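One structure is given below, represented as structure tokens, and several questions about it will come after.
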Amino acid sequence: MSWLPSLITETPEEGYELAIKLSRMAVKKTQPDDDVRGKLRPDYAADFAALIASSQVVATNFQTVSAANNYWRDA
Amino acid sequence: MSWLPSLITETPEEGYELAIKLSRMAVKKTQPDDDVRGKLRPDYAADFAALIASSQVVATNFQTVSAANNYWRDA
Amino acid sequence: MSWLPSLITETPEEGYELAIKLSRMAVKKTQPDDDVRGKLRPDYAADFAALIASSQVVATNFQTVSAANNYWRDA
Amino acid sequence: MSWLPSLITETPEEGYELAIKLSRMAVKKTQPDDDVRGKLRPDYAADFAALIASSQVVATNFQTVSAANNYWRDA
Amino acid sequence: MSWLPSLITETPEEGYELAIKLSRMAVKKTQPDDDVRGKLRPDYAADFAALIASSQVVATNFQTVSAANNYWRDA
Amino acid sequence: MSWLPSLITETPEEGYELAIKLSRMAVKKTQPDDDVRGKLRPDYAADFAALIASSQVVATNFQTVSAANNYWRDA
């Protein structure tokens, strides 16, 4: 099964989780080695510039997912 | 209850507060340890590059929330 | 009264001023201490990377305000 | 007269010039002192990271101006 | 044949792959020398700031591809 | 003749080339001296942070050009 079958989610919160998944997948595609990513993770999770930059990526992907779901206006 | 039941808010100001919440939640999801985040906070709140970068994330999320609310044109 | 009663402005120039206000408010919400912000300001106002980054935040907020006002096409 | 009477321009090229103007105005509003900006300019104009960051701001403002003009499709 | 015959894809996952392709092509156009890019790659794939920045570019291109495909709502 | 007569292109690939042109023009407008830009180029083309940042600018301009062309859906 595809890791991304659809951009449609039931709720805004699930849409936010999908935005996080989209953000992490790009990192994984650039650095496919789990060990290397695993070693980098504690460093960047303790680096505020990296945390803010990650939040920016999530915000951008959340724009996409929110638009796809018509902002869950009818939810 | 969900931390994000809806993107719809009564007023632009509440929409702005929601944009801040969305921005912080991404940081929390990447660094779930409250202690680590608590230690980082005084540093980045005194670092102007980090403050501007945070403001960029809020601006991006505010775009999403504003579009969801049709810019509160009828408010 | 709310600091953000509406995204609607009479003119593009007022919309631009509102975009600046939105940009600064995020900084204020992250660093509420006026003294700390006041001490940081001369430094970042003399740092070109910070000035450009600030301009990026204003551009993002101006997108939002411009869309809200339907680009003042009928003004 | 306003420095920003309208977002509407005759041609895409004029729209691009307006995007540059919008980008510079945010810097001017943050650092109103002409002398300070004048001293910073040679440095950042020779710094490739700053030039790319400036180009990002122009691109963001050009999105706004292009949408306002309906992409000059009927021009 | 063109490297970019269309922005339309069958599925969201293919759309994501296209967003990655678009992101890498810009790097290739700026630095066309395969050897130089090949030497840079191990370094940036081990640099978390670079990985996050790459993820930001993919997110931006994925916005474009998703909009082009009307978010695969009918898929 | 204008360097930017229109945002409309025949194909997505030509649209991508236009996005690159828009990205470089902003750098040229900020640093009009060909010699200075020429000297900076080898450095930034070998700097992965700069290459990624350039790719971000192209992605942003490609959003604009793609929207202008209605994503070449009828091509």
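Brief remarks on what is shown
The letters A, B, C, D, E and F name the chains in turn, as written, and every chain counts its residues from 1.
What we mean here is this: a contact is a pair of C-beta atoms (placed from the backbone, for glycine too) under 8 Å apart; a residue touches a chain by one contact, two chains touch by 3 or more.
What you see is a predicted model, and the numbers here were worked out from it, not measured in a lab.
Counting only chains that touch, the fewest steps needed to get from chain B to chain D is 2. Among the remaining chains, none touches chain A as well as chain B. Chain centres here are C-alpha means, and the one lying farthest from chain A is D. The chain with its Cα centroid farthest from the Cα centroid of chain F is B.
Although chain E and chain F carry the same sequence, what matters here is overlap: shared residue numbers make up under half of all numbers found at their interface. With centres defined as mean CA coordinates, chain C is found 27 Å away from chain A.
Between chain D and chain F, the centres computed from C-alpha atoms are 15 Å apart. Chain F has its Cα centroid 31 Å from the Cα centroid of chain B. In chain D, 44, 49, 53-54, 56, 60, 63, 67 are the positions where the chain touches two or more neighbouring chains simultaneously.
Taken as a contact graph, with one node per protein chain and an edge wherever two chains touch, the assembly forms a single closed ring in which every chain touches exactly two others.
Beginning the circuit at chain A and passing next to chain B, one meets the chains round the ring in the sequence A, B, C, D, F, E. The part of chain B that touches chain A in the complex is made up of residues 2-8, 22-27, 29-31, 36, 40, 43-44, 47, 49-50, 53-54, 56-57, 60-61, 63-64, 67-68.
By the touch rule above, chain A contacts chain B in their complex via residues 11-13, 16, 20, 45-46, 48-49, 51-56, 58-60, 62-63, 66-67, 71-73, 75.
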